[in-house]
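Below, chain A partners chain B and then partners chain C, in two separate complexes.
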Partner chain A sequence: MRVTNGAKIAAASALLALAVAACGGGSSSPGASGSADTPVRVYISEPQNDLIGGNTGESGGAEVLKALYAGLVDYNDKAEPQLEIAESIEHDATNTNWTIKIKPGYTWSDGTPVTAQNFVDAWNFTANSANAQQLGSYFSIVKGYDALNPADPDEDGPKTAPPATTKTLEGLKVVDDSTFTVELTHPFSGFETALGYSAFFPLPKAAFGADGKLVAAESTSPITNGPFKIAKPYKRGTDQTISVTRNDSFKGGKAKVANIDYKIYTDPETAYNDLLAGNLDVMDTLPASQVANAKATFGNRYIEGPSSGVGWLGFNIKTGGVYATNPELRKAISMSIDRKTITQTVFSGTRTAADDNISPLIPGYRQGACGEACNYDPAAAKQLWESNGGSAVKEVTLSYNADGGHKEWIEAVANNLRTNLGVAVTPKPYEKFAAILDDLGAKKVQGAFRLAWLMDWPLPDDYLRPVFGTGGSSNYVQYSNKQFDELLNKGDAAPTLDEAIKFYQQADDLALKDLAYVPIYFYQLNAAYSQNVKNVKLDPFEALDVLNIEKA
Partner chain B sequence: MGRYAIRRLLQAIPVLVGTTFLIFVIVYALPGDPIAALGGDRRLDPAYVAVLREQFHLNDPLLLRYWYYVRGVFSGDFGTTYRGVPVTQIFQGKFGVTFQLAMTALIMEAVIGLGLGLLAALRRGRWEDQAVLGFTLFLVSIPPLVMGFVLQLWLGVKLKLNTGLDIFPVAGNAEGLRSYLLPGFVLACTSIAYLTRLTRTSLVEVLRADYIRTAVAKGMSRRRVLGRHALRNSLIPLITYLGADLGSLMGGAVITETIFNLPGIGQQLFNSVYLRENTVVVGIVTVLVLVYILANLVVDMLYAVLDPRIRYE
Partner chain C sequence: MSNEMTVAPPPQPAEAPQPAKPGKPASLWSDAWYDLRRNKVFIIGAVLVFLLVLMALFPSLFSHVDAYNPATCNLANARQGVTGAHWFGTDNQGCDTYSRVIYGARVSILVGILTAVITGVVGGGLGLVAGFYGRWVDILLSRVAEIFFAIPAILGALLILSVVGRDNSQKWGVWVVVMALALLAWPLVLRIMRASVISAKNQDYVVAARALGAGSGRIMMRHILPNAIAPVIVTSTLNLGVFISAEAGLSFLGVGIQAPTISWGLMIADARARFLSAPEMLLFPALLLSITVLAFVMLGDAVRDALDPKLR
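What follows is the complex of A and B.
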């Protein structure tokens, strides 16, 4: 029976090959205890663009930027601004003219000092739409933005915009190496708070080539001014790890760990398994399916808290069906939604029931601001619905984009409405969120659609103006309330932040009364970390506090 | 033989042009503006969108865009993604990973599939045969997705936590060859089962053939009968299967690469379709078509080597 033996040998050698391979690779993996230099490994999704402040508007890139760059201001635990590079940020009585002084001693990773010119250069570059920086429109509040970006006279039509006559923002002036002034187009009391957003980060002189564009090296190994610097060039689209190493000359404090590896994952479930196995140290967005397990497994290494995200159902209040245009019917719909049960069951606790348009994380949030409109009361809802002619409504549509995991909660809301209001409901999936916007533009959306918003900076105006303000960038419902806009403007012109917040809250009350967007849920932060690290904190933007994390 | 190969390669050119054009039309016909998708839920600044649309010729007619693309490809430029990464840079890093994964899977298929098939055929009707049958049934009935996650949890996470044996990395390809064992097996699972059964059937049939009886009657050694006559003659359907499988392994690695976070072409293809990165999709599919054509050509060439009766002239 030689052949059978042969088969045995073949099988045995295959096993042997496995064993040898297993031994061969063993030496390369670091031990669990880890020396001081083994990097802390942090989960991120792949950054969308190069690691440049003005071009980073999503969480994966923002997480890395937090380690690489320092801005004029940073935020404390209460999401209030505190000066970082800025020595002082002063404004005149109108809140339109701002003078910013920067501290000496901050340097770029190429050794040059951080100057006022670096901020002005970066802002001019970002604001210029010819440079296609995603956050360019944030500079529309600075005087001269329109001259830099002339409008297309017929939008999508055959005519093109006239060429810009300037390459700089008129409102930015460098006074000396450590001082510059900013003139805004209108008063904005929250400008200091806004300055912590990555759109307002500086760029070094060496980042720009002779043509005024960024040099190629900026995309793989940018010159940075933060607590960490790039350890080896990062090839976006190819590399799975972004390695950063401590910048020992950083003036804002010395990080307690020497190296951080940001590991890029496509599937959070995979990252969670890596976290379980001890191959990953910090994960700031646990997959919803694992949250219950994570609580049990990680114990006090599991972090839960409010996040800045708010989710709404928006109604087509101008061209939609009768239930979308009548505020009382919108309120009835809102009251018939069992937010608590939906957030606990459908979202397994990764969301909480919303009772304001502003996240609980933000100074200015008021518990229960939404009042009875956000309370689950099926009987009252039914009564309100019927007394306002809701019985005549044939069908309610709920539009959502199918690519973002929204199907389940939209179906749950649909069931609430069917049961509590006795109305037919059709959930309508779209392929992408942009497709909903196309249909809204074409007036084809009858009813409600979902929308979520994450803050750029921690102030109520960052929620209210884009979503509810007349002509706001995410005001897809064409809500327009003069009184509301005036209150926002009053807030912007208020001498102090506290006074500004009072006006913003009054504006919020109007939005909550009109209910063009009905708040449904607040996002939760669900994070966990391994036994290798301690003192893990996440900032209001859910980015890791890189200065304070320690090896355990 | 050489002329045959050249003819086949020339035939591949219209196939390639046709596929790229078809794929090009299909990806651009997908609903949703790729530029708008960059912003997620947020509406991007119109000026920003306008600059990008201009830069990527999105306002031009489809045929003109295809011409720009083909012109670029012939000068070695596969374009850039809407996120500003050159497609060739993506290729450089990612095809290697997928190739390594596909080869690992192919070798596992060949070794395990042929080995088990051989065992089952020679032990036909006995308990070994039954065991192999049961094992293959088990392999085909578990979807790769489930197999991937279960093996990742048991062999990647639990084995390390419970025994301290760090043999199979959970994710990524940082550990070299070791990183490919588990994903390679998951990818190969279904094919191992098919190949085992194919080998068994094919071999059982050949072993019944007259020429095998003749060979045995001549007093030839059992090893020689099996090696020179039985195995060689049963290999043709197996090679056909393996050749066709290489193509599907390269393209079918989407699930496996996502579960194990391997930065390969399958994962990239899925993400690119999702993000409407049209240039990447067209580029990857073109290369995959090329791989498919070449693999099938090699298979056809092997026929002639295995079976002297087959000639290509």
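What follows is the complex of A and C.
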């Protein structure tokens, strides 16, 4: 899963934001940028977890992982998969059994070669529920996942799941140093496309201790196999910068800059001011309030383009308030949101009103798939709200992360609900994206909340299974629909993409009927960069192309 | 004349108010009132404060738009600039800035007055006790006060409010901000009261009252308090403006008053990001905030001149 904080950001408190703003001027003077070793400074939000592929499901960490790791496949400008570490990826006629060969010559930053065993070790580790890795559920398609993730006998009740009897996925087999095989639980034609996602990154032998857990050093200075490596240990929660330096022995190409500093911000406005002042070089998601100014200020250093992002309003449909558990009330809320005016006014036209769960960039998107539920109709919304007992709702809470520039649109939605449904609404800001994700993961968010999704790979199933699938890594709404899960599996098994899409769309229709997540808007890419850098490109996943960026 | 004043007997509330004419004996209070009525600064400050208090009590007198009614906002009209229908323009949510500025007065005035009263009562009361009893009571209270005094006010309030958290701030409204400010501001009042009490308690009329058999309580309340309270009133009035700007500052930083309560500090924070494209959104609440602080400072200055000319 890759959830996005929207204006991908992060810092710590009002105080800290001030301190960051105040310190920005002193930390690096714009004039010193001429030196070849001065780092390129890139804006991110604080990563939620350690910089490990299997535990990074949000955009802040993903941005850094892009520089640190290389996977079996990578994606080109059109988001098509291209072999990176893999030499060949072959499958049998049913798309169930896959054989993956890796190229020689890729090495870890500690000098050891990247082997087939590294992938199998990492996947076994990530899939094991005992390790609580964020992206564990991505391996539910691999045979043996259920044995590694025994079911909790009473779901959220007091009993806990029995310990797994095994530590490895039955479907993974190492043939030799450069070959391994994968057996899936069901046919999945998109497996090769999915393999570029960080969940499928390898981990070196040295990352694991004798007990099979990750060693402590992996959290501060992980051993990596990408175009860059960690320059100095990063203490998450304390350090405001992640410094990486070029890995000259990386086989996949030599980066043109020697150093990159990922700077962590909690307020996109602060980051934007730093960008203006020359204390930041690349900002990949401009705050909506500044987009209009940015076009004029940055000229040809302003980047605009399509984005795979979808913004949702999610509801805790199992344990939330009645407005969250009742699908008719959720629909009434959805119908009372004026998406068009919000995208035009609050976002200055940098978003478009959403009418599907799947981004228009992805094959399988259908215009108007959401139907009347996403149409602004205050009168019908009010009627639906009242006929389903909405009048008894005392208060609707809208939780959001304040570090992503969401305040204005959440306030606008709040006003829509207040005016059109006559209900009291309390917007509830979380300081950091990582903090709301932690609370969402612990099911502590009771009402409605915002969440957005950037694709992991360019297929429609990626917008459905991780978000709506039972046990999905970003299924914070606790949605579980057997029929939906089965339709996704049927789609995976379909021999061609066109046939797969038909099943995915049927699954999408179920999600749009139940409205556990309500689509609100589609993102657009708005980025800008300083005069210190050139050849700035953002990949289809909105991460900086670290190989090609250059010093100006 | 100032000599006479400090040794003057305590004012007798039962006495008919005497016209304070030169040459005739007058109480401190009637003398002060005589001064104030002739002070232009006081008149301007008082009129402004009167209008602001009226605004806080009855905002509908000034604006026919109820700023707390979300139906009056139209998102499509957001950031419209100054128009005939919206004198101060509209904000990010398309709400009328003029009515929001008017309705925002309540929070500012409330925080200012409540904090000033609480610090005045607590600091004044403790200062009276500390100054009157001296010895270990004084040592204890003064040291405790010094601990609080050492904390920089805005930093301390920021810390307290961050710990209390947004949820509680939302629940308790202005009280969280009031208590945070009061907690840090009372020692100042205590110090002033204590010094004032110490100089008053050695006066002849106190000695006389004690000789006549008056108890400590009676001496404190009847003789010392009325003669020592003037500097506290002056400080409290001047502080009112400080508290109002502190509230706006804390709300601006996101730890003070929480939406949907309307506060000038919040309005300024919301307008900050778009200052270049929609400056009126920031300027009008900032203007009202400045006028309010100015009004209370003018009032405080005039009261100080009247009650305590030595401080001028």
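Methods note: the second predicted complex is superposed on the first by the 333 of 552 C-alpha atoms of A that agree within 3 Å, B and C clash if a C-alpha of one lies under 4 Å from a C-alpha of the other, contacts with A are read in each partner's own complex, and residues count from 1 in each chain.
What we mean here is this: a residue touches a chain if its C-beta (ideal position, glycine included) is under 8 Å from a C-beta of that chain, and two chains touch if they have at least 3 such contacts.
For clarity, every value in this text was computed on a predicted model and none was experimentally measured.
Trainee: Which of the two partners, first being chain B and second being chain C, lies in contact with A:Pro429: first, second, both, or neither?
Mentor: The second partner, chain C, only.
Trainee: Of the partners chain B and chain C, which touch A:Glu269 in the superposed model: first, second, both, neither?
Mentor: both
Trainee: Would you check which partner chain A:Thr341 touches, where first means chain B only, second means chain C only, and both and neither mean what they say?
Mentor: It touches chain C, and chain B stays clear.
Trainee: On chain A, which partner's contacts cover more residues, chain B's or chain C's?
Mentor: B
Trainee: Contact-wise, after the overlay, does A:Thr325 reach chain B, chain C, both or neither (first, second, both, neither)?
Mentor: neither
Trainee: Looking at the overlay, does A:Asn415 come into contact with chain B only (first), chain C only (second), both, or neither?
Mentor: After superposing on A, A:Asn415 lies in contact with chain C but is clear of chain B.
Trainee: One more residue to check, A:Glu58. First (chain B), second (chain C), both or neither?
Mentor: first
Trainee: Taking the superposition on A as described, I'd like to know which of chain B and chain C A:Thr107 touches: first, second, both or neither.
Mentor: The answer is neither, since A:Thr107 touches no partner chain.
Trainee: Considering only the touch criterion stated at the top, classify A:Asn293 as touching first (chain B), second (chain C), both, or neither.
Mentor: In the superposition, A:Asn293 contacts chain C only.
Trainee: Touching chain B and also chain C: which chain A residues?
Mentor: Chain A residues touching both partners: 14, 18, 269.
Trainee: Spell out the part of chain A that touches chain B in their complex, as residue ranges.
Mentor: 2-4, 6-7, 10-11, 14, 18, 21-22, 24-26, 28-29, 48-50, 57-58, 129-130, 132-134, 136-137, 149, 152, 155, 161, 219, 235-241, 263, 265-267, 269-271, 273-274, 276-279, 403, 431-435, 437-438, 451-453, 473-474, 476
Trainee: Touching chain A in the complex: which residues of chain C?
Mentor: Contact set of chain C toward chain A: 70-71, 73, 75-76, 78-79, 92-94, 158, 162, 166-167, 170, 253-255, 259-260, 270, 272-274, 276-277.
Trainee: In the complex formed with chain C, which residues of chain A make contact?
Mentor: Result: residues 13-15, 18, 269, 287, 289-290, 292-293, 338, 341-342, 345-346, 402, 407-408, 411-412, 414-416, 418-419, 426-429 of chain A touch chain C.
Trainee: Which part of chain B faces chain A closely enough to touch in the complex?
Mentor: Touching chain A: residues 31-33, 36-48, 50-52, 55, 81, 83-85, 89-90, 92-94, 111-112, 115, 118-119, 122-123, 149, 152-153, 156-157, 160-161, 166-167, 169-179, 181, 222-223, 226, 258-261, 263, 267, 271, 274 of chain B.
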